[in-house]
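Across the two complexes that follow, chain A remains constant while its partner is chain B and subsequently chain C.
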Partner chain A sequence: MKKYKHKQTKLIFTYTALIPCLVVMGVFIYFPLIYGFRVSLAKDWSLNQFVGFSHYIKLVRSSEFWNSLKVTLVFCSAYTLIINTLGLFLAILVNKKIKFRNFFRAALFSPYMISMVAVGLIWQYMLNEKNGLINYLLKFVRVPAIPWLADSHIALFSLVLIQSWTLTGYIMLLLLAGLQGISKSYYESAEIDGAGASAKLLYISIPLLRPTLFLSSLTGFIQGFVLSFALVKVVTLGGPMHSTDIFSYFIYRTAFDYFDLPLANALSILGLSFLAILGIILFKLQERSA
Partner chain B sequence: MKHEKISSYVVLIVFAVIIIFPLFYIISVSLQSFNEVSKYPPTIIPQVLKFTNYITLFKMGHFARFFLNSLIFAGSLTISHMFLSSLAGYVLAKFEFPFKRTITLLVLTSMMFPVNMRVIPVYTLIVKLGLAGTYTGLIIPFLTGGFTIFIMRQYIVSAIPDAFIDAARLDGASEFKIFWTIVLPLAKPALAVVAIFQFVLRWNMFLWPLIITTSKLQTLPVALAGLKESERFVQWNIIGAGCVFLIVPTLTLFLIFQRFIISETGGGLKF
Partner chain C sequence: MKQRFILLTVITGLVVLMCQVSVVNAKTKKLKVWMQTQHYYEPWQEVVQEFEKDYGYKVEVEFLGAWANARIKIMSNFAAGTPPDVMEVRPSWTAEFGIRGFAKDLTEEISQWPAAKDFFEKALEEPKYGEKFYGIKAFGTAEMMFYNKSIFRGAGLDPENPPTTWDETLKVAKTLTCDLNGDGVLDRYGWGIAPKKWAQTASFMSWLAASGTPFFNEERTLVNLDTQQAIALGRFLQDLKEVSYVAESSAPADAMRKRFATGEDLGMISGITVDVGNIRRVNPDLDYGISYMPVPEGQDYCTSLHGPHFIIPADAENPEAGWELLKRFENVEKLVEITKQYGMTFPRKSWAQNPEVQKLPMMQKLSSILETASSYFGLQLIKELGMPSVTGKIGKELIYDLYEKIIYQNEDPTQAFKEFTEEANKLIQEERGR
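For the complex of A and B:
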């Protein structure tokens, strides 16, 4: 009898402990997906008129939508590639037995802790075409002033650089943790066989780091995806000429500049679906190659 | 061997400078006069340290209020995550119960939806609930989350022996008492990681506070962005002071607690 009562107490405790997060997640993560979909099928957010999929059709027909997708894909792929390459390189360096390595780890990681608003403002000031520090320093190596943020062909590239500056240290630490998980005996036996540094990297480190690299790529991608909104809103406002109109900014201005909430909801649903499909594809790819 | 070490140092120093220099630069900018900050060539070290820029910042921008708003937003969510997520993580780590697999799946998949894609539907919902422009509306959508639950669960599963819990049960302690007096103290490292990352994340959060707050409720990043946009001719020295003011709290926290994040043994990111 006592055992049954005890089991009951445990169950009550368990579900009581879980109720807050289930409620919060249900109401503010899962329900909005359904609700957002419902809103996207209406004419305006009073939900009085039902217009079916006309918003979605409008989006698929709009060049702004495809431009935004393209910009986002280019942007996200670029910085993800950079931060993982640089991050791996730095993680290897910072894994060595050198003095001050904790200082280097902390220093390289620190931009991740800073608000993207501050990051954007600092870089916007430094990348100013006429008075900015970067162009001023470039003069000393005889490079002409570059319109970092004013030229529609360069602006996205500048944002990629800023985003990489922010996230490289973060990825470095993730990959460092993965590196530290690799047993030293692999390297030792390779050294006995006469392997040099690059051989060790190519045939031991990278293959064994594959799951970590997959995770760091995914995490870096999502982090940048979320953080880049502040960057665009503060620095480029989607321009010049929509060359930096990343998806989350496109959603924002659809909702608050065009005041079209159902369209913005449709965009959000499309974005989420796209990310879900991407996630599944990546997961299957990772499973198959493992 | 020595060659390798020297070249490693050089590379690391170069990267460290690239990463850290902008931070020093913005401090310098925040202390420059308006003339210095607008002229060419750009000043790296100001002639006079104009600390009055910070006073102007507070007068112009009502920044004391916004600082308080950020503190309330970040602070309440940090506490909420520390409590709710450790409770949920503990239960998912150490208990067996019906629907456990489903619930775990729900918690994990919730991490798949980045906040940027959720804000518009959540915004619509909050406005319809009449909570726009209130602290409540600002805070409740983020009271707990899959990521922090996951961190707590992973730590509790590996670091807290079942024996402690079973012994306490034999002694007749209530389940909540076991959680509060045994599990939580033992989970301090994970709690520290959750606390720091939550606080920094919410302090820096931009999109959500931007769309849900009215002028008095704005958090610091939103206010700073608004301040910069509000003037035709941006006073970069004042904005610089705003940036410094914005990043000092999170950087300070980071410096104090970096052991938990960076070190070999306590590396929170190992999860």
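For the complex of A and C:
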């Protein structure tokens, strides 16, 4: 009886302790989600007229929506690939016993700590076609000035470069933690069997890092989808010619520039649905391969 | 026990004190004003202090940042029903807020206000939508040509005779653009072409006005920039680009105006009247002149009118007090003081005729340029067609695209203006069909 009462008390305490968290999640996540969906079914923000899924149909039929989705997928895929590849390489380097290892770790991580607005402004000046630092340095190797932000074929690549510069250090730390979690006995056994550095990387490090790599890829991708707004707002404004019109910026324009709140909410719901489906597919693939 | 008693007493005392403070705060009447930081001039700060003494209000002035960011704050507060009592807004937003029911109808107040007759007619009519006034024009600025007289002299040109037509402008710009030290890199440019952000609000709007192109079809129900005048403008700008410093598309709006103020390498730019005051503060020794925006041969001078409006939100807590404050802001003596100290110009007849204003450098020329100014394309769009979401998109996004195609992508202007007109009208017709 005493044991049962103790168990009950524990349960009551647990659920009571969860209430503040549930309230906060309800107010800041679930209620806005449900209300936003409700707004997306209305004609305008006054919610006086119900129009069903007409905003969703309008979006699916609009070339602007598909362009934004395409740009975002290209952007997120490109920089996720770069930060994971580069991050892994740097993690392996800073995992070795080298001089000033801690300094290098801190220096590589530091871009992640700078506000995205500051990062955008600095890089905007550095990538300036006429007066920027990058083109100035390229002059010394006889490379002509590159219109980093002015050419619609190059501007998206420039944003990938900036985003990669910002996030590589963070991914490096995640993968470093993963590397340090791998037991040394695996490497010792491989050395005894005559495995070289590349074999150890391909057959031990990468397979055992797969869960960490998966997590870093997924969070990196989602971060690009959702949080790259500041970068686009500061650096390119979605141009030139919508070549950097990333999804989050598209939502912002629709909501605040044109005050088309139902359409903006429909965009957000579609974006969320896309990410949820992508997440489920990737988790299933991850489970199967494990 | 004693410690608990002392602790309880302290906590009770603090709670009572906080309640007193809340009561005092609740009793103080507050008037919330939102405006641009750089527009909260000293004479207006004095107006606020006098208003507080006379009416017993505490005026809380909050500063809006760049207009793009200010819009987020403004729209969020409108949606939440927590707007201020007085607000400074962009001209095209006044009509939009009137249509959406966010701005108070000030028709009655303005009809009973003697100072209303003192406004230039175009400036008084600008914050109107339909037959209703939704604001008053806070400042009267217009786009004009700034030119560097020292650079003109250095190139053997007459500094008192700036170009007035497009052909003359091209000739002068070609003369001015050169490599001064023979290192193969251009050191001086005839014109400074504005970036996208400035083009959408100012310079491209003024070029459109100067071109003489109509903006609409005859019935004024659809956009029409697929005109000979607009296409000629496109070709002119592409020729001008060859002898200009072209700002990066995403550069800050004031990039060229700041560069001109340094006096180093730009012969001519387009800027607004407030730049006269800015240059006086930043580089008072700059030897420059102002003139009308160049126009095609045989065309009358024409430019675009700019300058924010003051509105009173429909949900303002203290609309009457807000209106009183606005009327005090519009005291002509205060406006003259602002002009003397900061170079800002106002759309008021008595201000323009004031001897102290007339004495200021370039004021006479400024006043005559202001007289040629009319509402810019983006503003006319919304006033003529309504549909704020669609006309906002046309006036910003489609204009950005058009400007990029002509200046940065070198697209054929015939094709660019045709595509613009078709896309704009497609959006308008889709909205009408909803």
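Keep in mind that, in the parts below, the second predicted complex is superposed on the first by the 272 of 290 C-alpha atoms of A that agree within 3 Å, B and C clash if a C-alpha of one lies under 4 Å from a C-alpha of the other, contacts with A are read in each partner's own complex, and residues count from 1 in each chain.
Following the convention adopted for this analysis, contacts are C-beta pairs under 8 Å (C-beta built on N, C-alpha and C of every residue); 3 or more make two chains touch, one makes a residue touch a chain.
Since we're looking at a predicted model, the values are computed, not measured.
Asks: May I ask you to decide whether A:20 touches chain B, chain C, both, or neither, giving the answer as first, second, both or neither?
Replies: In the superposed model, A:20 contacts chain B only, not chain C.
Asks: Once chain A of both complexes is superposed, is A:261 in touch with chain B (first), chain C (second), both, or neither?
Replies: both
Asks: Can A:150 be said to touch chain B (first), chain C (second), both, or neither?
Replies: A:150 sits against chain C, while chain B stays out of touch.
Asks: Quick one: is A:45 in contact with chain B, with chain C, with both, or with neither? Answer first, second, both or neither.
Replies: A:45 sits against chain B and chain C alike.
Asks: Go through the superposed model and pick first if A:65 touches only chain B, second if only chain C, both, or neither.
Replies: neither
Asks: A:79 contacts which: chain B (first), chain C (second), both, neither?
Replies: neither
Asks: By the touch definition at the top of the document, which applies to A:239: first (chain B), second (chain C), both, or neither?
Replies: It touches chain C, and chain B stays clear.
Asks: Specify the partner with more touching residues on chain A, choosing between chain B and chain C.
Replies: Counting contacted residues of chain A, the larger count belongs to B.
Asks: In the overlaid three-chain picture, which partner chain does A:250 touch, first (chain B) or second (chain C), both, or neither?
Replies: Neither chain B nor chain C is touched by A:250.
Asks: Touching A:174, do we find chain B (first), chain C (second), both, or neither?
Replies: first
Asks: Which residues of chain A are in contact with chain B in one complex and with chain C in the other?
Replies: 45, 130, 233, 255-256, 261
Asks: Residue numbers of chain B touching chain A in their complex, please.
Replies: Touching chain A: residues 4-5, 8-9, 11-12, 15-16, 18-20, 22-23, 25-26, 29, 38-42, 44, 84-85, 87-88, 90-92, 95, 97, 103, 106-107, 110, 112-125, 140-146, 149, 169, 174-176, 179, 200, 203-204, 206-207, 210-211, 220-222, 224-225, 228, 236, 239-240, 242-243, 246-247, 250-251, 253-255, 258, 261-264, 267, 269-270 of chain B.
Asks: Okay, in this complex, where on chain A does chain B touch?
Replies: 6, 9-11, 13-15, 17-18, 20-22, 24-25, 27-33, 35-36, 39, 45, 90, 93-94, 96, 98, 102, 104-111, 113-118, 121-123, 125-126, 130-133, 136, 165, 168-169, 173-174, 177, 180, 197, 222, 225-226, 229-230, 233-234, 248, 251-252, 255-256, 261, 264-265, 267-268, 271-272, 275-276, 279
Asks: Can you name the residues of chain C that touch chain A in the complex?
Replies: 68, 71-72, 75, 79, 96, 100, 196-197, 245, 248-251, 388-390, 392-393, 396-397, 400-401, 404-405, 408-409, 434
Asks: Of all residues in chain A, which touch chain C in the complex?
Replies: 43, 45, 124, 128-130, 149-150, 152, 233, 235-237, 239-242, 253, 255-261
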